[in-house]
Amino acid sequence: MTDPRFELVGAKPQAEAAPQKMRRHRPPYSTAVLLALIVLPCLLAEVVMTRDPAYMDLAHCLVAPCREFIFGTDSLGRDIFSMIWYGGRISLTVGFLATVIATALAMIIGSLSALAPRWLDALLMHITDILLSVPSLLLVLFLQAFFRQNSVFTLSIVLGITGWMGMSRVVRTEVLQLRGCEYMEAARLMGGSFFYLLRRHLAPNFIPSLMFMAVMQFRSAVMAEATLSFIGLGLPLEVVSWGSMLSLAQQALLTASWWVVVIPGAFLLVTLVCVTNIGNHLRKVHSHGERNL
Amino acid sequence: MSEALLSIRDVHYTHRLSGGVSVPALRGVSLELQPGEIVGIVGESGCGKSTLARAVMGLLAPQKGEICYNGINVHHPQNMAEKRCLQQQRQMIFQNAALSLDPHFSVEEIICEPLRLAQLAPQQGSYREEAAYWLQQVGLDALFLSRRPQQLSGGQAQRVAIARALAARPRLLVADEPIAALDVSLQAQIVNLLRRLQREQGFGMLFIAHDLAMVRHLCHRVAVIYQGRLVEIAPTAELFRAPRHGYTKALLSAMPLPDPRQEKQRQPQYYEQPVSDGGVWHQASPQHYWLAEDGEVGE
Amino acid sequence: MNQRIFQLIKRLLIVIASILLLSVIVFTMSRLAPGDPLIAYYGEQAEKLSVEEREWAMERLGLNDPLPQQYGRWLKQAAQGELGLSYKYKQPVMQVISARMGNSVLLVGSSFVLLCVLSLLLGCICACYEDSLIDKLLRRSGIVFSCLPEFWFSLLLILLFSVLLPLFPSSGAHCIGRADSIADRLHHLVLPLAAVLISHAWYYAYLVRNKLCEEVRAEYVLLAKAKGLSRLRILLWHCLPNVLPGYISLMVLALPHILGGTYVVEAVFSYPGLGALIYESARYHDYNLLMVLSLFTGAVVIAANMLAQALNERIDPRTAGINTEVSYYD
């Protein structure tokens, strides 16, 4: 069998075919740049900040934006410019952690539901439907009752636990399609456990279609953090975040100090719009590009 | 006689479809497979061959009867050790190799997956060397290691699937129509490959096919299934020389002959009688059994 | 006919089962939450009770029983209309809720109806004049407004129209002593209603537009055009009925979001409705109240879901038995 003529056909791989050019949507560069302009200073808050964001300079309460305080100060005399970056980091952290938790839950519950016997599937999906039918803020309020004092972590957990429902339905539909694949059966025969199958075989297949949902989940988590903190059920006043900064806004209305209201909200809005744009882009890429990315 | 590697005893299985429809797939199949033996299972489409393979692998639980591998009931392993033993020593090759390989895995990962799952140390030093060794065993170059399943042709994918099945060093290989999706020249290659590997490694194999020529070439014994019942089982040469059951005769008569003059005179027979649940087993020769209907006169 | 009745009964059973399941979830959560349940019954006196008295009270109220038993008792009482006391208001929960129900129904109802009309109208206009200026404007603003947190938008409205330009009142449902004046109520309703409408309408109009634009590509539109029908007529007579089932499902799916949004807006405007009450009860750990309010909201949405499905079947018989699923982020 050393004679090369007797070598099996196809024993050696052919030269790699040139990767096909796919028509791609133009990535939203301007959005990405804008988002980076907000996110990077937040991550490097210590460098950007001009003052200690927690320091209450009672001599300078409610100062309108000026040279010394670029974005003014709030009713406790804290420098809004520094708080924006410092608080942004916390807001984004909450959003990120909540998204991670929600995505993990959605992946577990969705694929469990798809792989489970029919009655368990029906039960899980019914519960999901019911939870979807309650305004998510109500669920959050209920869970909030478990924690007397909120921290970044407890809030992320609460937002994560209440945010998995929509995604888990997507995961379930995807897994139902993958379930019949023979490589799933092969792996199960070789002794792969549920979590092994999920991690190695299922997740890589459905993550592309989950990306858009995860980005949207991030958006709603950041929004929910702000709403809850504003109402006084989220992060306390001393934990600086965009939401807790806005919890002073209602007072500020009485004195018509617009900067306390407008500036943190504007940052929130711009971030959310950027995130939405990127999410929409991901969805378009996903629906037009090849499925096996 | 040494203890059988696989024993299937009176297995019944009925597919329950939605809407209360039930389709009987296996109606009392019994079979034994000795270590190192290749048993071919033949029959027409829908006769229950694949159901049998899936039942042997534990993917389906028969309503009646039991299947034991090495004395372990495959549907109710007693403990973790038995379960592990089943998972490692019993491997399967699927009909459509391309579907049985995860598109996100590289060939190396695919081949090493059973080893990693069974926590077996690679015998060739590293996982990569082990994968390369098995690729070489199935006649592929080590350059394939980093390829993905989409980049493989059908025959290459089936070779990789075989390499994966053998990497765990199984004692029983269940091949569910491994050649049905391939074209003829590749079928011969794969069958030759399986034969060579079986001689070298000495595993037992349940080879399911509907191509009689390939079965004749590969198997030691052949079992014929018709309408969910085993109707005849015999050593390959004997079965092809002197078939007894009407269905077997019809099946063999459908086989094209290599000589064109003989082929011209070949008269295909048809066998369409339903097979009842009764019937008596007759022994034609020491290892040749066939099922006769009640009215039929044996011999 | 028989089958119709069977379907109806089945659907009703599903609604009841769903609400029961919801109540189980809510009940378990409220009982597992930390806090002294006795306070919910006796108020602050509970803290002054001796150990024996506490023990006796727990026993009498059945708080030592296993959870399923407690749930059964609660269900029995609920069926008789007794939903417990509100800790904060020291009144039966039903009384607290019914006092505020009217205000909420007014706000939620009017905003939901207006939202449906407005989004359909805007969507049709944009689909009719695709890629025109108004269409582009709507597409852009649809994204921005869907990102706008309701509470912040409400604050902006208050800042602009109450503080800087004192046109509308910033809180309450009516001026003190003028509860009967319809004009005064409407005057108070303007800002909350605007907040809910503007932060939602654009987005749903955008979705309607997308659906219609897809529909306009269909072959039958070409046929209708060949017959010489006008653009508007084709759009309204032919395309709109086809997207209507999807639209109804969408609005029902949006109901929890709109409800949640309205609740937030109520809280910002201190509008005496259920939403403001919910946040209050959460802040004071008033579980009985919170539980009933959540249950009530959930039941409304579940009932609306079923109603929408029935309505869809009337409009489009093809959807009978099929759950018309519409992605919220479509």
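For reference, chains read A, B and C in written order, and residue numbers begin at 1 within each chain.
Everything below uses one rule, namely that a residue touches a chain if its C-beta (ideal position, glycine included) is under 8 Å from a C-beta of that chain, and two chains touch if they have at least 3 such contacts.
Values in this document were obtained by computation on a predicted structure and should not be read as measured data.
> If you take the mean of the Cα atoms for each chain, which one ends up farthest from subunit C?
Max centre-to-centre separation from subunit C belongs to B.
> Could you tell me which chain's Cα centre is nearest to the average position of every protein Cα atom shown?
A
> Please report how many Å separate the Cα centroid of subunit B from that of subunit C, as a whole number.
59
> Where the centres are mean C-alpha positions, what is the separation of subunit A from subunit C, in Å?
Taking the mean C-alpha position of each chain, the two centres sit 24 Å apart.
> Between subunit A and subunit B, what distance separates the C-alpha centroids? Give it in angstrom.
Centre-to-centre distance between subunit A and subunit B: 48 Å.
> Of all residues in subunit A, which touch subunit C in the complex?
126-127, 129-138, 141-146, 148, 166, 212-213, 216, 219, 223, 226-227, 230-233, 246, 249-250, 253-254, 256, 258, 261-262, 265, 268-269, 272-273, 275-277, 280, 283
> Please name which positions on subunit C make contact with subunit A in the complex.
Subunit C reaches subunit A through residues 18, 21-22, 25-26, 29-30, 32-35, 143-144, 146-152, 155-156, 158-159, 162-164, 170, 256-257, 259-260, 263-264, 267-268, 278-279, 282-283, 285, 287, 290, 293-294, 297-298, 301-302, 305, 328-329.
> Show which residues of subunit B lie in contact with subunit A when the two form their complex.
Its residues touching subunit A are 57-59, 83-84, 87-88, 90-92, 94, 96, 99-105, 113-114, 117-118, 139-141, 143-144, 147, 150-151, 153, 155-156, 164, 168, 189.
> In their complex, what parts of subunit A are in touch with subunit B?
Answer in residue numbers: 8, 10-13, 16, 181-183, 185-187, 189-192, 196, 200-201, 204-205, 292.
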